[in-house]
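As structure tokens, the structure follows; a few thoughts come after it.
When the chains are written out, they are named A, B, C and D in that same order, and each has its own residue count from 1.
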Amino acid sequence: MKTIGIGIIGAGRIGRLHAENLIRMKGVRVVAISDLFPEPAQEWAASIGIPQVSGDYRELLQNEAVDAILICSPTGTHVDIITEAAQAGKAIFCEKPVSLELERTFTAIEAAEKAGVPLQIGFNRRFDPNFRKVKDYIEQGRIGDIHSVKITSRDPNPPSPDYVKSSGGLFLDMAIHDFDMARYLSGSEITEVYAVGGVLIDPAIGEMGDIDSAMISLKFKNGAFGSIDNSRKACYGYDQRVEVFGAGGCLTADNDFSNNVRLFDGSGIHSEKPKYFFLERYSASYVQEIDDFLAAVRGEREVPVQGRDGLQAELAARAARISLLEGRPVKISEVENAIKEAAAQ
Amino acid sequence: MKTIGIGIIGAGRIGRLHAENLIRMKGVRVVAISDLFPEPAQEWAASIGIPQVSGDYRELLQNEAVDAILICSPTGTHVDIITEAAQAGKAIFCEKPVSLELERTFTAIEAAEKAGVPLQIGFNRRFDPNFRKVKDYIEQGRIGDIHSVKITSRDPNPPSPDYVKSSGGLFLDMAIHDFDMARYLSGSEITEVYAVGGVLIDPAIGEMGDIDSAMISLKFKNGAFGSIDNSRKACYGYDQRVEVFGAGGCLTADNDFSNNVRLFDGSGIHSEKPKYFFLERYSASYVQEIDDFLAAVRGEREVPVQGRDGLQAELAARAARISLLEGRPVKISEVENAIKEAAAQ
Amino acid sequence: MKTIGIGIIGAGRIGRLHAENLIRMKGVRVVAISDLFPEPAQEWAASIGIPQVSGDYRELLQNEAVDAILICSPTGTHVDIITEAAQAGKAIFCEKPVSLELERTFTAIEAAEKAGVPLQIGFNRRFDPNFRKVKDYIEQGRIGDIHSVKITSRDPNPPSPDYVKSSGGLFLDMAIHDFDMARYLSGSEITEVYAVGGVLIDPAIGEMGDIDSAMISLKFKNGAFGSIDNSRKACYGYDQRVEVFGAGGCLTADNDFSNNVRLFDGSGIHSEKPKYFFLERYSASYVQEIDDFLAAVRGEREVPVQGRDGLQAELAARAARISLLEGRPVKISEVENAIKEAAAQ
Amino acid sequence: MKTIGIGIIGAGRIGRLHAENLIRMKGVRVVAISDLFPEPAQEWAASIGIPQVSGDYRELLQNEAVDAILICSPTGTHVDIITEAAQAGKAIFCEKPVSLELERTFTAIEAAEKAGVPLQIGFNRRFDPNFRKVKDYIEQGRIGDIHSVKITSRDPNPPSPDYVKSSGGLFLDMAIHDFDMARYLSGSEITEVYAVGGVLIDPAIGEMGDIDSAMISLKFKNGAFGSIDNSRKACYGYDQRVEVFGAGGCLTADNDFSNNVRLFDGSGIHSEKPKYFFLERYSASYVQEIDDFLAAVRGEREVPVQGRDGLQAELAARAARISLLEGRPVKISEVENAIKEAAAQ
């Protein structure tokens, strides 16, 4: 079996995380990494055996030893890189969201489809052992037809105002994972979104035109309902839970904890808070999503999270934004048609 | 301390439950019970020492030994009985809802207020040890300002079509408890309701013009959000949970179980389903609500669930019904104004 | 079905508890209660409708309306009362232990057997919903052959030195419940006991010649092992758990809690301590044991905890005492033979 | 900081596990691995970048690039290798037990002490996040003086008869981890052991002269008690729990699970069995123990598990064996003195 050559675009936190996971995997080699500012990554790259650090991602696309690229650069660069990488015939893994502009997401997905290259979107939570087990049970029919999906998704701390400014807002930056999870677990498309939300935590987020708290109501094509509960700050840590209720039962997935010790004392019973944040909580999922991507590159399986999955989640996020602003439920088809019309012009 | 004389109107399941709880309490005596069909209740009443079973509730209202009445008769009779009991100067405990017609609920509450008699509505779940503990923690400031309230409320089995027909529908019959719980826990008024729902369980319920599943989104006056998740059938039993999230923490109350044994075997870990239904799950709350009512009758405390609480929950249920039918969020003030206008005509 | 007339001997805490439970049961009537000091019990007895309070238990034994007696007087009186009650043909329920002197326990049991009257010993924990469920699973063969039984039994607070003095010591006063539970759950006889223990909590207990902490190792006739862990003071409340391990699985029964609320905050997750003490924790078991006793009195079933069960637990307690004092494992047969020899002399 | 050169002796399961963990660590390099049968390890070693595979461990001891060795060869070879490695001035990490012959354990420990080289014993469970947290709380004084330590330690499946034959028996092969845990958590020395045990699972184990089930009672120097519960087969998986009870509270550490999903259905609530066996359950601990060993080699800290710790656990295991055979509690000092006398002859 041929060793897969990987090029990583973007040497920030998530790019490095993927790199460090990749060097432990078999049948794959990180050929090169690129970053607009390559200098600070040099030493780190050398220490884990990445031979080349480039200042220009195009060098990776032109490198014949690179079979697949991981796009870990800022969201604004995704569409161009996907398009160019597709033309260069590389398999593509791209962090979410594809784009903050839905019209451009279409373009990128079409480029990949036209070129016939695999395109996987980085919805890593699908690969979390808890949520994957929930999905397994659903697929085994253990809870029958699904009636509702409820997602609790709270960060331990709000992002900096700077981050918020370029993030696309709570729905596109944070809830997008939950929209994807809702689609993944329900096995159905979201058809309507109604969002209530506001600034309950940090006025600075409000000043950026964003919100920090939301409760989102969903309708699915298969008749099920959903709800997503988002907060930018849960003082007890990263709160990531799902519940799926069906005709034959109910499935719950709880948070993960760094230990399970319980202390019984005169004031009650005490245990550890959930794991702090996504790097700790979802560490296994970051490995698994790349494992599955590599298998898809080898042609052993379908890409597990397709470009169209990225698009659907972005449509839901856009619908949530409109819903919040206009105080009404918004159909996904309404957003989709508007995008298509805009794209047609 | 004078012994309180109680008259119970309605000798059905809930009337008998209250009677059997009352005979174990101190400082109170069940003087009489009435039922349109008094015959079947005779033997039971004698066996627990209730001296009189009447076919006409008015006999209880005229009985000077009756200080307080418990209205456990069908919903359609509540308003008239409240009005007459208020005029007779009796303290009143009335099962929920006060009425299926909001305009008449107004009338009844005003009658009690005008007469200056205590009127308590039977939202027993406020007295559940779990939910009361959640409320206590909130009042102690343990989770700071409240950001969201989430309620899971699923019955183990759908009611009979006959029951559904006269029930007022899922929102007024079932979710009304949850609207009250949402107000109780948030410490704030519901200002807007958006409901999605449908018939996922029993087509017969749909034929009655009702739904059996719903997901309700709430806005509260204090800026918090809420969600209520209702189902008429959870195959694993009565599912009654709440979660309150605030700036300083999160509170969860789980289901109750008849034992806590865990069986570890080759196929996993297994434990008991939640307690079957409300009589088992909420047995302690039925005692506590009457205890508190008796204390209010004695003037030792405020009535814990007032007539206005009954009204607010009914307003939310009505708003949910409109929301479902019209596919839009509905403000409580819109419903309230419409009721007031109707009442004014 | 004839109403059973009950006489209660001893109007202390446990006598009153049984009385208050009995007045809520059907087909039974508390005819009289006796206490060496009848005065303080008069008002209480009247308030719950017990017509007679006597200063002499013999009046109860002579009362033809009394079908069964509950012996709730101090341990030192049990044997005489059992013997006399048996002669009077009364069905007998006796609190544990039958006696602090094993030789006399024999006598009492023989008296009851000779008279052919039912004799039930008050090992109420067998009737706890958790432990009973464990037993049910075992009897259903859910964990196959039993390999070990582990019991955790810790009180929330040590008894007063006065109580300790007349208690018979930790093994006979406290661990006796656990010896019975070990027999009940294992479905086998204890054959050997090895006890380590000491005074870790309250030197005053040591001054009385007793211990306050112990770890007891058991062998059962069926080849299984056991361990009992006793403490007179668990600062977090009454700790009552069992674990039974078998070839086909493991069963655990946890403590009971007054609510199941969890508080998540910046310092972790917090929940309630176990229920405080036996009156709260075992309230259901006190009702159930009398229910089953009444059924036995009616001839509907066997006495669920026989005199011989009381004896076996006392033999184990005696063996534990010898083991602790002599620092060696002690066979139950050794103790039994010694008792029989002593009785024969 | 100088890179530490590691030589691994033994390329079986545990040797390879350490090797694969080491290649991910910083500041350390696996220089060579040896095995009596080097052939089968060649390809594996090459794939993870170990430059040399030797058939003779002495080559590693003579290799100047090797600063520290990991002894992962069969128990029978430990003492000789420790002695020679100490003479060669290498830092030593040795899997447990040091030896099946206590007299030789003495010799090995003395050799390391005389040479002044660090010697760490592979009691990896001390480094498990759960048990370490329990220890942390104890050291913080969160439960005050310790009264008892209870350890549940059950394997998912019995070893093969071949393995049993050379294992040293249940106490020295399996319970030895628990003896170490008991010492670690109690912070005190075991002074007396009483063991009951037998063959409840696999007669083949009995034919080898070993047992497969045991319940061990412990006394500690500080007055606390302990109990260890061992089984070679828990059909629901690897059962590894501890409980430490003290004057100020109680600490429990539960099993670990591969996910936390709960399935509620008509038959109850179901969740996953514990992780299967030590490689899954204790994976983090194998990394952490080597991390701490490397820190000790660098002189940054004390060796966390010393040779004397290995010895004490072996003394307890020997005492348990004698206790089982002779049916009496055995003092550690009795075993220790016997060993010293034998060593003196």
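Criterion: contacts are C-beta pairs under 8 Å (C-beta built on N, C-alpha and C of every residue); 3 or more make two chains touch, one makes a residue touch a chain.
What you see is a predicted model, and the numbers here were worked out from it, not measured in a lab.
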Task: Any chain in contact with chain B as well as chain C - done: A, D
- [ ] If we define chain centres by averaging CA atoms, which chain lands farthest from chain D? Would you check?
- [x] B
Open item on the list: I'd like the Å distance between the centres of chain A and chain B, where a centre is the mean of that chain's Cα atoms.
Closed with: 42
Open item on the list: Report the inter-centroid distance (CA atoms only) between chain A and chain D in whole Å.
Closed with: 41
Open item on the list: Just the number, please: Cα centre separation of chain A and chain C in whole Å.
Closed with: 59
Task: Numbers and ranges of chain D residues touching at least 2 other chains - done: 234-236, 239, 248-250, 264-266, 272
Task: Contact set on chain B toward chain C in their complex - done: 24, 26, 47, 129-130, 132-134, 137, 142-143, 248-256, 258-266, 272
Open item on the list: Applying the document's contact rule, which stretches of chain B touch chain A when the two form their complex?
Closed with: 145, 147-148, 150, 152, 154, 192, 194, 196-198, 200-201, 213-215, 217-219, 223-227, 229, 231, 233-236, 239, 243, 245, 247-250, 327-329
Task: chain D - residues contacting chain B, complex - done: 234-236, 239, 264-273
